[in-house]
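Pasting the structures here.
What follows is a pair of complexes built around chain A, which joins chain B in one and chain C in the other.
Here is the complex of A and B:
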């Protein structure tokens, strides 16, 4: 079928708009993510307080302090799951992460609220994080390729990966449940 | 070419030059505004104009920005917890995040517990956000009131029942004691000085500096006629460039 340039333009515009509408939103409810991560048997949540040196360490990882003073986690013997938020440009990106024996097993965008950068939810991007861990400088031990046009979202995901790995290490090293 | 004709040509050029000069003077102010704001707009991110907000009262008045008169405030301990628009304040300190529909607030040991936006907010005495608990975190749905029992423990009332959290607010269980023993949080009129300070703070969070620079650049800052005046200034600049070139070419001959 022959499409006039005007119609083609309109079609492209509609495709773009529909992509943007679909792009932001809830991809998976946090409770569904946890249920999937623990095969339906979700452990009781625990709490890690971001106080003292831990607060400073988190600030150094994120470049700013975390929005709350305590974070919930779900933990079995070797695995821990986290639901964390980090702002991409203006809005928080809610992300689910699973750590297994100090290595990142899964990272998944659960709720994306920004108008740009939603490409980070695709497996071609998140697969890069698999088996990542923190080096001695508390940085990811591998290079994560960025996505053109999604720089801030990519940066947010890298920060969250490092944060979850750091918090998991803290869980295994210290008693983290004491409040300030 | 006769002497008379050359004189006529000189007069014509002088007249054109005078017009050129007046156009230049008229366009100068606009050129300065457009050029200065244009430079600033090129560096919006460097100067964080998109995240900084205008504090000037007269500019905020000019834009007609008013703080909401409708505020919900609860006195918890000796501090006011106030919801104004979507902003939540502990005394004068704004709590991170956006909120709506505050049900109540209490002081429980050293933690402020606020029922707002179908969630429970925990704050330190300094107003730092400890946690924001939502339905998915197990809090009861449809909280109508929040208070403390005779022992100081937190109780919430929903349309169905009364509930009590554990020490970490992670688990909630039904509370079957006498509701008459609960001291429920009730709205409290805000101290006038605090109200005025919060209204001032609210107004100072609304208008990004970038918006004002953009409006100055386009002329919208000066009202409905502003863009037309700036369009006229742009036409003057075009004419200036043409007349300037023409004068330069004539003088070379």
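Here is the complex of A and C:
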């Protein structure tokens, strides 16, 4: 009834390692996410520049500057799709988001590089974001329950949801090719 | 009158005819018009090309600025070809405590911790944690410098990871996640100090990963405890801290964890060691640790509950009642906003006994805590709590209050 200490345990550990299939941390390629989001008819991408007031607003949402000066988006009349990055503990989490009429239609972890907190990719977590929108304080209009031990990954997802909703609103309100 | 009218009309007609002839003389021919159109077209194309070139220059400038400022973190970023700085991460946490208790009145910068991580490739990384305890270290000083984590982790698959080195053991709630903003109370709870000897690290190898959505496991083989009769076989005194650790008897730890609902974690761990004194005490034998906990945070309400128990074999531990060491706590909490600031209040009931065996006598300890956390920022916390003990036997109660400030980054 031992838990395999010593040599037998090491042997079991190595056997378990050797039987595992090597793969990467990519759950869905961004291109595939976009194709799925637009049923194969992906619109031409546009670019929104993070300048002027928009730059300050994004910094306020994330707590820091976004890592890029501009963000690519894919937009139809009512919907927009975004591929955004935010660091959880120490690695960027690449996330796909779709906004429909100002509400979050889909949020999906595409590439997860952290060693902890991978639970955020599961529907039991991401389902909470569905139909979320921003309130007047530019915060999500609902509570998002976290995951123990994945606090920073959860926080990153909440920030990205708010960022995509904000940028979608900017698309609808301004000529986004220049400063607001 | 008729002559006058005719003269005016004829003059006007003559003037108009003259203007028409002059205008007709200035009109370009069809060939000239075609040349003008072609010239304008060339200018339009030149302007378009110039605009495209400018756009490309702006994009290239933005690319260059981004690569200098933030590194290559795009959606398809890879560590391959990235610089050392781009793949190295620094973080940390710290906490200052003020204790006003029957046993002491002191201010202590309890922990100052720095993390260093480095991503060698997309699948291979280093994680390390260096801690200075009690602000000062060296001969005759109160504190010490400790290496609490230093391991290499490899992603076997996207959901399966192996690591080797010095790492935190997968037991309890606080042992792996103990940054001050993540828990209530200035001091860590006494169960995860005296029964689970947090912070508890060991050198060895480990696997962890996901076995089904919401289900994960950990399994580790690592250095064991080395406790002794001199300290009543207390497990906390048995930590070897991977400092020339006696490796005659390794230990194994396994954990199963369920996080299938957002805000809910249920987990259980078990550890086994063949000889908890590394063969140095003929009156001691093997040791089992059993631990289970729930960590729930749904909306504003939170609940943490944990139970842990040691079962030590041998006549030595039994003679002082240390053959059983156990404890539990339950901690409800509630978060709220006041003046757009974030607060949380909690209460905790703790009960533990490091000599709970049949020959241990009255050694049970009980402690009540209640307090508040205030987060001016999600990564910064101010804490206050009161504690009241109700101990059995000869153990003195240690009552009073604690204040603290903590951070993580």
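Keep in mind that, in the parts below, the second predicted complex is superposed on the first by the 154 of 180 C-alpha atoms of A that agree within 3 Å, B and C clash if a C-alpha of one lies under 4 Å from a C-alpha of the other, contacts with A are read in each partner's own complex, and residues count from 1 in each chain.
The rule is short, and it goes like this: a residue touches a chain if its C-beta (ideal position, glycine included) is under 8 Å from a C-beta of that chain, and two chains touch if they have at least 3 such contacts.
Predicted model, so just to flag it, every value in this text is computed and none were measured.
Engineer: When the two structures are overlaid on chain A, which partner does A:172 contact: first (chain B), second (chain C), both, or neither?
Structural biologist: Once the two structures are laid over each other on A, A:172 reaches no partner at all.
Engineer: So, A:94: does it touch chain B (first), chain C (second), both, or neither?
Structural biologist: So A:94 only meets chain C here.
Engineer: Tell me the contact category for A:110 with respect to chain B and chain C: first, second, both or neither.
Structural biologist: In the superposed model, A:110 contacts chain C only, not chain B.
Engineer: Using the superposition on chain A described above, determine whether A:119 touches chain B (first), chain C (second), both, or neither.
Structural biologist: second
Engineer: Looking only at chain A, is it chain B or chain C that touches more of its residues?
Structural biologist: Between chain B and chain C, C touches the greater number of residues in chain A.
Engineer: By the touch definition at the top of the document, which applies to A:155: first (chain B), second (chain C), both, or neither?
Structural biologist: In the superposition, A:155 contacts chain C only.
Engineer: Tell me the contact category for A:69 with respect to chain B and chain C: first, second, both or neither.
Structural biologist: both
Engineer: After superposition on the shared chain, which partner residues are touched by A:147: those of chain B (first), chain C (second), both, or neither?
Structural biologist: Second partner only.
Engineer: Examine A:27 and indicate which partner it touches, taking first as chain B and second as chain C; both and neither are also allowed.
Structural biologist: Only chain C; A:27 stays clear of chain B.
Engineer: Do chain B and chain C touch any of the same residues on chain A, and if so, which?
Structural biologist: Dual-contact residues (chain A): 30, 67-70.
Engineer: Would you mind writing out the residues of chain C in touch with chain A in their complex?
Structural biologist: 62, 65-66, 69-71, 73-77, 89, 91, 115, 117, 119, 122-123, 125, 127, 153, 155-162, 173, 176-177, 182, 205, 207, 210, 213-214, 216, 219, 221, 224, 249-254, 259-265, 270-274, 295, 297-300, 378
Engineer: How about chain A: which of its residues touch chain C in the complex?
Structural biologist: 2-6, 9-10, 13, 16-17, 20-27, 30, 67-70, 83-85, 89-92, 94, 110-113, 115, 118-119, 122, 124-125, 128, 143-149, 151, 155
Engineer: Mind listing the chain B positions that touch chain A in their complex?
Structural biologist: Spelled out, the residues of chain B in touch with chain A are 96-97, 124, 128-132, 136-137, 168, 170.
Engineer: Quick check: in the complex, which residue numbers of chain A touch chain B?
Structural biologist: Touching chain B: residues 29-31, 44-45, 47, 67-70, 72, 180 of chain A.
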